[in-house]
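In what comes next, chain A is part of two complexes: it sits with chain B in the first one and with chain C in the second one.
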Partner chain A sequence: MKVITANFVTCAVKECKTSPESYPLHFHDAELEQQEQEFQPEFIRNIVPRIDWDALRTTSNELGFPSLPESKPEGEALDDEQILKDLHRLLLETQVSEGKLVCGNCGHEYMIKEGIANFLLPSHLV
Partner chain B sequence: MLPTPDTSHVSFDTIYEPSEDSYLFLDTLSSASESKWLSERFDNTKHTPPLVVEVGTGSGVVLGFAAAQSEKIFGRRDILTLGTDVNRNACLATRETAINAIKAEQQPSPRTIHISSLTADLCAPLRPGSVDVLLFNPPYVPTEDLPRLPSAVDNDPAAAAAMSRSAKFDSDSFFLSLTYAGGADGMETTDRLLDAIPRVLSPTGVAYVLLCKQNNPEDVKERIRGWDGWNAESVGSSGMQAGWEKLVIVRIWRDDGL
Partner chain C sequence: MATPQVDAAYEQKNVHEVYQQIAQHFSATRYKPWPIVERFLQDLAPGSVGLDVGCGNGKNLMVNRDVFIVASDRSENLARIALQHQPHSTVVADILDLPHRGASFDFAISIAVVHHLSTPARRIQAVAEMLRTIKPGSEMHEGGKILIYAWALEQKNSRRGWDKGDEQDRMVPWVRKGDQPQTFHRYYHLYEEGELERDIDNAGGRVLEAGYEKDNWWAIATPKTADV
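And now, the complex of A and B:
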């Protein structure tokens, strides 16, 4: 799974949906793989406005990437090739192959195996 | 005709084999009228790259097609695709189908990105308001019982490898039943998906849901039109039976979304 996925998922437990602690989920014991992709600056430029920046900064720190700027790059900052390249690497080239995603509210751990995260819940949580 | 994604790597022991309903999905999304509608709605001068999610991807033929043909369908290649399925094998199959289809159709410079396939119940892990396009070819056949939801344990590859032949047969039959068995009116799973739509769709979001005649599509559309500010319309159909279409695809969207 690509790192950008963490921007679009939250805890599958119903009671957690309203808790701000359930987003973003936290990567634990993540094994990363880099898969080279052609650098597409406009793709990154287009995608940045729809990213939840605070959540991405959290994810990026947890995965040990260099810190992202505090506020979301806009306007001229989006012409900075280094920023775009860093984001390209983080969002599109980095895959999480093994590990878990953990909810900050209920603590539930979603296992990731061969890049597939499992969000099915045990029956007592459905 | 646009090429159908290759699914020759998929084992259909536990995964739905692409059939008439899957092909109706491909034809509907790439029809002149739907691709025009979608290209206007997600015009790249006004909209950020849409997140296209398929629920219950099976082999991944529908999501792979939407990804590979993004330029024809959405008028842009910079889209993100994500799939969910209760069957881990289907998630593995979908990832391969989607990535291969994008590679085959978007040379020399691929644009569309398949971000992940998640093992999940419908949209359960999706962040509210995040989905721009939702695709669902449900288990729509009316059946006496609805199969239970699989758990993480049912999807454990180590457990599957250690199964006896008869246990493996039971497990395969269980997963296959999930691909078609829809319970009462064939609507038990679709109803749960419909309930989730207002939560997961973005303000400009749209869902495409396939229904069969026994699901009473006209009633379903009426029900959706009764939600505040929502619309539903049939945008694709196939196979006439006693004057009715056997299968229809319904587009569901917020009226005030633009």
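And now, the complex of A and C:
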């Protein structure tokens, strides 16, 4: 599961979706791997405005990466190839192959196996 | 009277388990996006972020290289096949409990999925759950859009030959080819003309466009807003 995915998912439990505590989900016991992807600067430039930057900083921090700048790159910073490359590496190439995503509201754990997170709920949570 | 647990168990046996079994062969027979799906995805602005709910093998993920899609499927085996389509993401999730925040996506597609839900309430709930994730429109901005496809009852020229007035709830065979061919049965609800639009309306959506393509009814919709 790519780091970018964590920016666009939250807890599947109905009551959690409106709770600020449930987003972003927290990685636990994450095994990381790098998977090379084609670098498309235009794609990164387009997607950055859509990223929830605070959530990405939290995720990146929890995975043990150096701190991201406090504010999201915009304007001229998005013409800086190195900034785009670094974001490409973090968002698309950094993958969590095994581990868990944990909801900060209800505590439910979603398993990640061979790179795929499973959000199916046990019947008592549906 | 069936309960949600009973309905879910029915779909588990007659839809989800079948797709797990036929994933490989099913995927090998699905490679080309349908024209309306292609047009919908190509019309999206660069940088749009959306969902493909019930993505199957992910055949619709490569239509537009300038958007980002979080794809999901109930079948882990299909999700694993869809995972290969970069730069998108694939997760395992249920259309009735999507793991996404509300009002945050530009678009969502669900192609040949809602017809596998076994009661009217669950089919409406599925549409409502997709609409929940979509950015509503405002005076300043057009709202996000969903595209839904469902198998039509009216398909008298297809090899199945069903038409208006026939039974809408059916078990449809899938023959898995190979050394030892095996037949599986999947549950389908066949939509009659106008039914998809009615479901969307009941789910809180406003239909923008609708039609018929390749034995399916389709509709494009946006969340209803207070002033509409």
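By our rule, the second predicted complex is superposed on the first by the 126 of 126 C-alpha atoms of A that agree within 3 Å, B and C clash if a C-alpha of one lies under 4 Å from a C-alpha of the other, contacts with A are read in each partner's own complex, and residues count from 1 in each chain.
As a working rule, a residue touches a chain if its C-beta (ideal position, glycine included) is under 8 Å from a C-beta of that chain, and two chains touch if they have at least 3 such contacts.
Bear in mind that the values here come from a model prediction, so they are computed numbers and not experimental data.
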**Report entry** Clash-or-fit label for the pair chain B, chain C on chain A
**Finding:** clash
Requested in this report: For A:P122, decide between first (touching chain B), second (touching chain C), both and neither.
Outcome: first
Requested in this report: Give one of first, second, both or neither to describe whether A:L32 is in contact with chain B, with chain C, with both, or with none.
Outcome: neither
Requested in this report: Once the structures are superposed on A, label A:L92 by its partner contacts, choosing first (chain B), second (chain C), both or neither.
Outcome: both
Query raised in the report: What is the contact status of A:V102 with respect to chain B (first) and chain C (second): first, second, both, or neither?
Result: neither
Report summary line: chain A positions within both the chain B interface and the chain C interface are 1-2, 4-5, 8-12, 17, 23, 37-38, 40, 42-43, 46-47, 49-50, 92, 110, 114-121, 123, 126
Query - Residue ranges of chain A touching chain C (in the complex, touch as defined) - result: 1-2, 4-5, 8-14, 17-18, 23, 37-38, 40, 42-43, 46-47, 49-50, 92, 110, 114-121, 123, 126
Report summary line: Note: in the complex, chain C contacts chain A through residues 4-5, 8, 46-47, 49, 65-66, 68, 70, 72, 74, 76, 79-80, 83, 86-87, 89-94, 96-102, 104-105
Query raised in the report: Quick one: in the complex, what on chain A touches chain B?
Result: 1-2, 4-5, 7-12, 17, 23, 37-38, 40, 42-43, 46-47, 49-50, 92, 110-111, 113-123, 126
Query - In the complex with chain A, residue positions of chain B that touch it - result: 44, 48-49, 51, 78, 80, 82, 84, 86, 88, 91-92, 95, 109-111, 113, 115-121, 124-128, 130, 149-152, 154-155, 157
